[in-house]
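Going by the order they are written in, the chains are A, B, C, D, E and F; count residues from 1 in each one.
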Amino acid sequence: MERLQTHIEGFDEVLGGGVPRGSVVLVCGTPGTMKTSVTFSIMYNNVKANGSKGLFISLEEGHDHLKGAMEGLGLTGIDDLEMYILDVSKIRLEHKDEETSKNWLDILQKYIEQRVNANNFDLVAIDSLSALYSLSQMEQPRRELFHFFGFLKSLPATTFLVSEISHGTERYGTYDEDFLADGILYLKHFEAGISDVQLRLRCVKMRRAKHDKGYYRLLHEDGKGFQITRVISE
Amino acid sequence: MERLQTHIEGFDEVLGGGVPRGSVVLVCGTPGTMKTSVTFSIMYNNVKANGSKGLFISLEEGHDHLKGAMEGLGLTGIDDLEMYILDVSKIRLEHKDEETSKNWLDILQKYIEQRVNANNFDLVAIDSLSALYSLSQMEQPRRELFHFFGFLKSLPATTFLVSEISHGTERYGTYDEDFLADGILYLKHFEAGISDVQLRLRCVKMRRAKHDKGYYRLLHEDGKGFQITRVISE
Amino acid sequence: MERLQTHIEGFDEVLGGGVPRGSVVLVCGTPGTMKTSVTFSIMYNNVKANGSKGLFISLEEGHDHLKGAMEGLGLTGIDDLEMYILDVSKIRLEHKDEETSKNWLDILQKYIEQRVNANNFDLVAIDSLSALYSLSQMEQPRRELFHFFGFLKSLPATTFLVSEISHGTERYGTYDEDFLADGILYLKHFEAGISDVQLRLRCVKMRRAKHDKGYYRLLHEDGKGFQITRVISE
Amino acid sequence: MERLQTHIEGFDEVLGGGVPRGSVVLVCGTPGTMKTSVTFSIMYNNVKANGSKGLFISLEEGHDHLKGAMEGLGLTGIDDLEMYILDVSKIRLEHKDEETSKNWLDILQKYIEQRVNANNFDLVAIDSLSALYSLSQMEQPRRELFHFFGFLKSLPATTFLVSEISHGTERYGTYDEDFLADGILYLKHFEAGISDVQLRLRCVKMRRAKHDKGYYRLLHEDGKGFQITRVISE
Amino acid sequence: MERLQTHIEGFDEVLGGGVPRGSVVLVCGTPGTMKTSVTFSIMYNNVKANGSKGLFISLEEGHDHLKGAMEGLGLTGIDDLEMYILDVSKIRLEHKDEETSKNWLDILQKYIEQRVNANNFDLVAIDSLSALYSLSQMEQPRRELFHFFGFLKSLPATTFLVSEISHGTERYGTYDEDFLADGILYLKHFEAGISDVQLRLRCVKMRRAKHDKGYYRLLHEDGKGFQITRVISE
Amino acid sequence: MERLQTHIEGFDEVLGGGVPRGSVVLVCGTPGTMKTSVTFSIMYNNVKANGSKGLFISLEEGHDHLKGAMEGLGLTGIDDLEMYILDVSKIRLEHKDEETSKNWLDILQKYIEQRVNANNFDLVAIDSLSALYSLSQMEQPRRELFHFFGFLKSLPATTFLVSEISHGTERYGTYDEDFLADGILYLKHFEAGISDVQLRLRCVKMRRAKHDKGYYRLLHEDGKGFQITRVISE
């Protein structure tokens, strides 16, 4: 089976070689756990390393703002067409009145299908699911999400879905995305010792991969990018 | 009483010899706890070892995807008719519009009845109950599930029902499946020590069997399959 | 006051001599805590020891299935008329369509009244309350249950009501059965040590009896039946 | 200020001399915490010791059943008119159909008023509030209970209201009875050590009394009745 | 800035000199935490010490009952006009039928305005907010309470609002009074050691005051009144 | 990237240099955690130090009251036009009847836009979001807040939004403001040791900034203002 490397130093071994290509993967965590950054970084590094093409769909954060943030992490110097940011945020802000009259789940699905076929994107990200839900009226979420996930799985691409978890709750998703998804990467603020708060990463689930299930500390070093380390002491 | 061996090394002793044949067994756990794999593995090993015939009904995961995942666990080399995967997922994706007009609980019941009688399947699995519920409008769940479970118990087969538990909750089922079922196999992510997460297996309930109720660590070794070990230290 | 012995070795002393005859007793616990077995065993042993006559009303588990399970516990060799199992489960499965048109709370009440008078049953069990509720539309549960419990208390019999507790909750009943009942026997899965799960029994409440309120470990030994032991260490 | 002694050995000192006469006192606890027994015992001992007259209103437990239970605690040998049990339970069972057409809160209020005036009852108990609520349709509970409590406070009597707390919750009442009441006696099952469960008593609140707020162990000894002891070790 | 001393020995230092005059202060706690007594004591001691005039509005507890309780704390010997108790409880009991036809939030506001202006009350208390809410239909609580608090802040008086917290919950108010108020005094039953329950006092919030945020033990000594002490050990 | 210094001594290093200019930052905490003071202080110190111009929109606290509180913290001596307090509280109190007929979210948005453009405010604060919500009917909060946040992000200003957290809950916002915001400053009452309650500050999230995620103790010293210190022991 072909694997997509995350290029998070040390984490591909945890995954048993990387994310199985074609998977639909949730990237979930509470506010401030770098869900967007980790997702963008995985795509960026694949574009850079092996000619992948990435489509990043941002529903609430603007192109420039997002780009600026990514540059702050050293994720620069790639052609915009190779790592394309679809700024839905901008469309929404400029066409506020039309926003509600559209079925965004359908629109997005058609858009993704077209672009993946026409432009050979092999990496797709949607940031975030909650934002997408705020634009959609789902009467039977599990059923409708089954079809959306089914569509994503049918693509010749690997998909990352940013899933927001409210602080103080424990579910990995809003509806049952965590059961529908092939993989779950869980980012967690961990209160360690007297006052320290560490960012930890865990692979909760990855179908078709023999992965480690433990928690790792996630660090970012300028010039090197993300890396994980073993948790030594609390 | 006749017993169905799980072929999870060490676990049949825990069950007092295996699952009493004819039981309806819940296999429950949060995302990533290998519910599907454990269920498939039990069926596969019986097909291989003693000529059982298995019917695996997958409501959301596609045939190829599921098959690929199972091959990754070494569950290969069996005739498709002996271990038949009913890919409801595919039917749903191809006939999305007709999906809601059907009473899937009835359809599935008739299908299972027919196939068990015609093809002598003695092992049946439904993956998952939540997916089934998303396709059914149950007005009085406990009543309707009583009849569904009653039907399953009337079959000359042993049934496994995959039951999804949301992270952060503690119930074994959505409605009262855990009281209706004959057995409950509970898969749990257990946070052990500083950062380790172990997969544990417990038999919560097994009617007509004198079973151990404790937690065991569940491991998978290539070439050997699933096995349990005693929990030594945390 | 006359006492009904539970024949759970050691437990009658805990109850101060046994259950006061004529009481309505809840037997409650989460799935897998042997509520049915303990209830059946108490009735069986009284039938065997002192010529009691027991009426066991099973709303969801079939006669043969239940009988098989009880035989596995060594509860055999008694005339069916002395320990009569009313298989409501079978009636329901065979007459599914008529099920909802009946007021089962009334039907059961009339049936019990008739049989207790005609056949001199002095022990009655209903397994389970939740199943009964699934068949009844109670608009004012506490009021209607007061009258049902009032009826049971008026019988020349001791009654056991199996009450299901969902894992993760703490209430002894669904409505206020625990306040209406004369007694509460509580069965609990207790996670002891690293991985052991013990079954414990506690008498929470027993009107007209001076009982111990502590937890005891409940064990079953072939040939001897249920017995309790002091909890020594955790 | 005149005080009503509880005759629970040791507890009147905790209350700073007893319950201020004229108070409305909640006696609350989960099932099996002897709320009825403690309430009855307080009334009984006052009737016996100093010529008080008690009116005990039982909404769900029958006269004979209650009387039997109290005799088991040694509370015997008092004229029925001095310690009068109003068996509302019996009225309800015999007139089930009329039950719902009555406003029991009003009926009870008129009954109590009449009897306190005519028969000089200086002690009144209602067992229990939840049972009373099941017979009343209160649209604005706090308002209606204010008037009911106001009525009780206007009586030349001390009132005890049995308040049921579901296991697993922490509130002292269903609505805001705990704020409306003058006093709260709290009975609690306390899990001590490995398996012991003790009954503890605490005075949470007692207006116009300088009371101790701590927990005491509550014991009952034949021939001596209730007594409290200091909690020595857990 | 002018300060109102609480005359709780030791607590004015905790508040950095006392409560800033003109503040609206919540006094909150579960049942039995002496909310009324502490509030009354603060007003009483100011009336006695420096010629303040206090208006205490009691919505549920009668004048005589309240007065009796306060005398038990040694709060005696003050002219009724200097420390005026408005017994709304009595009005309600005598005019039960008219009660619901009135908008008590408006009535109270007008009454307070008139009396503060005419009689120069510089201290106002409302006991309690929950009782007030039971008499008012607030459709948009936060909005309506903003205006009520705004009115109170506009008065040339310092206001205390008794806020009831149900046992087992943690919020300081029912709606968002805790954000609207200038100050929060929090009274808490603290279970210390094996069985002791202490009353503790904490200033959670006091706008315009540099206050200590810690917990202090609150004691009452005859002849000396309330005082706080440091918590030494648990 | 240009940074806005908080002038909380020690905290700008924690933020990696300060808040990225143009960010929308939540300042959240339970009652009494100095949300308003910290927000005002950041704006004040920038006005004083580098000629910034601040617009502070107060929805519930009056101008004079707020000003008084800030002076108590030593935040004095600045021209009102440089640090302008929009007293919406006053407008509301004086025009109570018109209040509900207005769409305050729109009004505020237009007001802010106009003033930022006309008067070159580069710092904007809204105190508080909950108060704003009480004045707005949002049918699809996440959608409408996306547009409001989008507007704020489009301004040539840095925005602070005071977010109230009820005691006992853990979410950083009411709807999903914590995901929409660029940054989250979290103020927390921390119960340390036997009875001490410390105020702690944590940067949960700050897009485009490499910040420390740990907790710091927040102190205020007269003449020096706010400062943080490492947490040394509990």
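Observations, loosely collected:
As a working rule, contacts are C-beta pairs under 8 Å (C-beta built on N, C-alpha and C of every residue); 3 or more make two chains touch, one makes a residue touch a chain.
Computed from a predicted model, the values in this text were never measured in an experiment.
Under the contact definition, chain D and chain E share no contacting chain.
With steps allowed only between chains in touch, the distance from chain B over to chain E comes to 3. Counting the residue numbers used at the interface between chain B and chain C, under half appear in both copies, so the two copies meet with largely different residues. Look at where the CA atoms of chain B average out and do the same for chain F: the two points lie 52 Å apart.
As a whole-number value, the distance joining the C-alpha centres of chain A and chain F reads 30 Å.
Of all residues in chain D, none touches 2 or more other chains. Viewed as a contact network, the protein chains form a single closed ring in which every chain touches exactly two others. Taken together, the chain F residues at the contact with chain E in this complex read 31-32, 60, 62, 65, 68-69, 72, 89, 92-93, 96, 99-100, 128, 130-131, 134-135, 164, 166-168, 189, 191, 194-199, 220. Against chain F, the residues of chain E that register as touching in their complex are 1, 140, 142-143, 146-147, 149-150, 153-154, 169-172, 176, 178-182, 184, 200, 202, 204-210, 213-216, 230-234.
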